[in-house]
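Chain IDs A, B, C, D, E, F, G, H, I, J, K, L, M and N follow the sequence of writing; residue 1 opens each chain.
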Amino acid sequence: MDSMTLIAVASISTAGLTIAVGSIGPALGEGKAVSTALSSLAQQPDAAATITRTLFVGLAMIESIAIYCFVISMILIFANPFWNHAIAQTTGK
Amino acid sequence: MDSMTLIAVASISTAGLTIAVGSIGPALGEGKAVSTALSSLAQQPDAAATITRTLFVGLAMIESIAIYCFVISMILIFANPFWNHAIAQTTGK
Amino acid sequence: MDSMTLIAVASISTAGLTIAVGSIGPALGEGKAVSTALSSLAQQPDAAATITRTLFVGLAMIESIAIYCFVISMILIFANPFWNHAIAQTTGK
Amino acid sequence: MDSMTLIAVASISTAGLTIAVGSIGPALGEGKAVSTALSSLAQQPDAAATITRTLFVGLAMIESIAIYCFVISMILIFANPFWNHAIAQTTGK
Amino acid sequence: MDSMTLIAVASISTAGLTIAVGSIGPALGEGKAVSTALSSLAQQPDAAATITRTLFVGLAMIESIAIYCFVISMILIFANPFWNHAIAQTTGK
Amino acid sequence: MDSMTLIAVASISTAGLTIAVGSIGPALGEGKAVSTALSSLAQQPDAAATITRTLFVGLAMIESIAIYCFVISMILIFANPFWNHAIAQTTGK
Amino acid sequence: MDSMTLIAVASISTAGLTIAVGSIGPALGEGKAVSTALSSLAQQPDAAATITRTLFVGLAMIESIAIYCFVISMILIFANPFWNHAIAQTTGK
Amino acid sequence: MDSMTLIAVASISTAGLTIAVGSIGPALGEGKAVSTALSSLAQQPDAAATITRTLFVGLAMIESIAIYCFVISMILIFANPFWNHAIAQTTGK
Amino acid sequence: MDSMTLIAVASISTAGLTIAVGSIGPALGEGKAVSTALSSLAQQPDAAATITRTLFVGLAMIESIAIYCFVISMILIFANPFWNHAIAQTTGK
Amino acid sequence: MDSMTLIAVASISTAGLTIAVGSIGPALGEGKAVSTALSSLAQQPDAAATITRTLFVGLAMIESIAIYCFVISMILIFANPFWNHAIAQTTGK
Amino acid sequence: MDSMTLIAVASISTAGLTIAVGSIGPALGEGKAVSTALSSLAQQPDAAATITRTLFVGLAMIESIAIYCFVISMILIFANPFWNHAIAQTTGK
Amino acid sequence: MDSMTLIAVASISTAGLTIAVGSIGPALGEGKAVSTALSSLAQQPDAAATITRTLFVGLAMIESIAIYCFVISMILIFANPFWNHAIAQTTGK
Amino acid sequence: MDSMTLIAVASISTAGLTIAVGSIGPALGEGKAVSTALSSLAQQPDAAATITRTLFVGLAMIESIAIYCFVISMILIFANPFWNHAIAQTTGK
Amino acid sequence: MDSMTLIAVASISTAGLTIAVGSIGPALGEGKAVSTALSSLAQQPDAAATITRTLFVGLAMIESIAIYCFVISMILIFANPFWNHAIAQTTGK
């Protein structure tokens, strides 16, 4: 059962680290985008429609990068092909 | 019982580190967003409605990244599939 | 008793590190938010009501991230499912 | 089965780290691009068409770098030639 | 007595590191808040009441994060459940 | 089979790290370039043709650096001469 | 006597590191606060009373964080419960 | 065959790291150069010829540094004298 | 005599590192405070009395943090309770 | 053959790291130089001759530092005296 | 003689690192203080007496922090109580 | 032959690292110097003679620091006294 | 002779690192001081006497910190009491 | 001969690292000094004599710090007392 434990430990650690490290960039990027949006709104309230639309498109693209990390993290926990293969092998043995 | 201990140790350490590291980015990003919102309010009090609405949407998106980390952290502690599998195996043995 | 010691050591170290590392981001973010609030108040004393209200909402959201870390830290010390399982196993043995 | 475990562990860890580290640069870069786009829109609302078109081209190129990381990460999990070779060798053995 | 020593060493090291690392963020955050308060007071002496009140609320919230670290640190030294359990086990043995 | 495993592990880890680390510089560089292009467009809409042409030449050169990393990463996974040599040697043995 | 040595070594190292690392944040924070106080005094000498009073309150709060570190450091050297327990056990043995 | 494996592992890791680390500097440098070129174009459209010519000379020199890294990386993978010597020795043996 | 050596080595290393690391923050903080004091004096020579008085109070508080480090460092060298206990035990043995 | 392998591994790793690390400084330095040249050209198009001449002299000197790294890297791969000595010794043996 | 060697090695390393690391903060702090003094002198030559007096007091306090490091460093080399104790013990043995 | 290998490995690694690390400072310093020279030329074309003369003297002094690193690097590869001594000893043996 | 070798190795490494690390702070500090002196001279040529006198006093104090490091470094190489003691003991043996 | 090899390896590594690390500070410091000198010359060409004289004195003092590192580096390679002692002991043996 040793090799399964190793795979489990690696999956757990990597899943956590992936979303943890992967949250730094998108969070800072979104913070910057939102903050400029707010100061732009204060400077030019008439362009609010264009600004918020562009902001939401930008946030969506940055959020997508965080989603990539979340997806990889979830795959490693709930749909890990290496873990499934190991279980299959142990069961079929 | 060795392999269960290893999984437990890895889960504990990863759960803590995930939320700890994962809090840096969102907290700084929200701090930046809130701070610009405040200076925008001081500069253009008339646009308060638009500014606070945009701020809350932005905060929600940044907070969602912190929530991802919190969710992974909670899953690792309370709904860890690797740990459940190990318990099942120990019990059924 | 070796595996229990390992879990205890991991829980202690992680609990401390989680709140320690997790305090950096929120503290800096709140410092930034409060500091901009103060300079906005000095610039536009008439908008004090809106500014302080927005500030408190913002602080609450940033503080919530620190609370996540504190909660995980407390769970690891006082309601650690891995530790409880280990004690149960040792007692029932 | 030892060598398969090693390959699995390396693939899991690398897949996570690749997308995690690889998300920092694109997220910050897109944040910067979006944020300047917003302040440019506020400054020159008449050039909105040119600005948003240039922004989307730029975002696409930056996003492509994040996609490279995601692709490598996915290949390592679901189409890993080293893993396939190891399975083939184990099966055919 | 080995496992007790390990728990003691981990508790000592973690208690110190928790408050040490946990002091960086709040101290810098409070320094920033106080410093802006002072320059705001110099700029708008008439708003002194609002500024100092907002400053104290802000400082209280930032200080609370340092308090979390201090509390965890104290719990690890004086009310450590893992240590108590180990002593109980040694005594009852 | 030990030496093949080592080569496989090294190839997997290096392939991931190469594109991960190699994405930081180009992504930040492109973000900076795109962002200045946008503020230049807002400042001088008449020069849009020259600006976007220069921007695309610049992006192409920066992207080429990211492509180098991606190429090395792909070579290490799908056309690794060391791996091929090892397979040839194992087969011919 | 081995376990006592380990506890002593851990206490010594942690006590020093706690106050060393814990001095960075407060010292920088106080430096920032004092420096803004001075430039505020030069800008608005008439508000000297309010400024110095606010400065001292702020310094007291920042200093309190350094005091936390010093207290933990002193407790670890002169009132260490783990060390006392170890001595008691050695003596009573 | 052990020494060949070691050389292969070292070559693989170094080849990847060389281009990965070596891409940071040139990418940031080119980003800076392109970005200033764009703002210069917006500021002085009449000097477009001189600016773009100087930009391309500069980009060429910076790109040459990235090329050095790519060349070393390629040499280590496809024309590695140490690897060739090892193969020659193994074959001739 | 092994355990005494370990305690001595730990005390020596910690004493040095404590004052070394602990000197960074206060020195930078004092440098900032002094430097602002000088530029404030140049800007408002009439407020010299208030400025230098506030400067000395601030320097005293920052210096106190360096003193904490120095005190801990000296205690570890000349009044180390763990070392005294070890000597007492060796002598009384 | 062990000592030859060690020398080969050290040469490979060092050759790659030398040019990789050594490319950061020159690339950033040249980026800065080129970027200022461009903004100077935009500001004073009449001095183009002097500016581009000075720029090329400066780029040549900075590039020379990158060349030093490339030369050392090449020497380590193709004209390594330690490797030659080892081969001579193995052959002559 | 082993334990004496260990103490000697620790003392040598710590003495060097203490003054090396301990020189960074004071040197930067003094550089900042001197540099502001010079620009203040250029701005307000009439206040030269007050400025240089305040500068020397400030430099003295910053230098005192460097002196602390130098003193600890010298004590560790020439008046090390742990080393003296070890020699005494070796001689008296 | 083991000790010779160790000396060779140390020489190779150090030679590469010396010039690699040693290129960062001079390259950045020269980049800064050249860049200011260019903006000074654009600002005051009449002082071109004095500026370029001072620039070349300054570049020469900064380049000399890079030369020191290159010299040490070359000495370690081609005129290493420790290596020569080892060869002499091996030959004379 | 083992313990002497250890002391020699520690002395060599520490002597080099002390002056290497210890040169960073003073060099940057002096660079800052000299650079402000030059811009002050350009701004107020009439105060040249006061400025250069204050500059030399400041440089002397910063240089003194570098001298401390150099002295410790020299003591460790040429007047190392631990090394002298070891030689004395070896000779007298 | 083992202890001589160790001393040789330590001397080689330290000599290279000393000048490599020790070149960062002085190179950056000189770059800053030269760059300000150039912009001062452009601003006040009449003060060229005073500025270049002060610049050369400043460069000399900063260069002296780099020279310290170079001297230590050379001493470790060509006049190393520990190495000489080891040779003397080996020869006299």
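Criterion: a residue touches a chain if its C-beta (ideal position, glycine included) is under 8 Å from a C-beta of that chain, and two chains touch if they have at least 3 such contacts.
Computed from a prediction, not measured in an experiment: that's the story for all the values here.
Q: Going only through chains that touch each other, how many steps at minimum separate subunit F from subunit M?
A: Minimal hop count between subunit F and subunit M: 5.
Q: Using the touch definition from the top, list the chains contacting both subunit D and subunit L.
A: Expected: no chain.
Q: Give me the superposition rotation angle from subunit C to subunit M, based on Cα atoms, as a multiple of 5 degrees.
A: 130
Q: How many angstrom lie between the CA centroids of subunit L and subunit N, rounded to a whole number?
A: About 11 Å separates the centre of subunit L from that of subunit N.
Q: Return the distance between the CA-based centres of subunit B and subunit N, expressed in whole Å.
A: From the centre of subunit B to the centre of subunit N is 48 Å.
Q: CA centre of subunit E versus CA centre of subunit K: separation in Å?
A: 30
Q: How many angstrom lie between the CA centroids of subunit A and subunit G, rounded to a whole number?
A: Result: the chain centres lie 38 Å from each other.
Q: Which subunit H residues touch at least two other chains?
A: Expected reply: 11, 13, 15, 17, 19-21, 24-26, 28-33, 35-37, 39, 41, 43, 55, 59, 66, 73.
Q: Counting only chain pairs that touch, give me the topology of the graph as line, ring, star, complete or other.
A: Here the contact pattern is a ring, one closed loop where every chain has two partners.
Q: Start at subunit A, step over to subunit B, and keep going round the ring; give me the chains in the order you meet them.
A: A, B, C, E, G, I, K, M, N, L, J, H, F, D
Q: Quick one: in the complex, what on subunit B touches subunit C?
A: 1-2, 4-5, 8-9, 11-13, 15-17, 19-21, 23-39, 41-43, 45, 48, 52, 55-56, 59, 63, 66, 69-70, 73, 77-78, 83, 87
Q: Quick one: in the complex, what on subunit K touches subunit I?
A: The touching residues are 2-3, 6-7, 10-11, 13-15, 17-22, 24-26, 28-33, 35-37, 39-41, 43-44, 46-47, 50-51, 54-55, 57-59, 61-62, 64-66, 68-69, 72-73, 75-76, 80-82, 85-86, 89.
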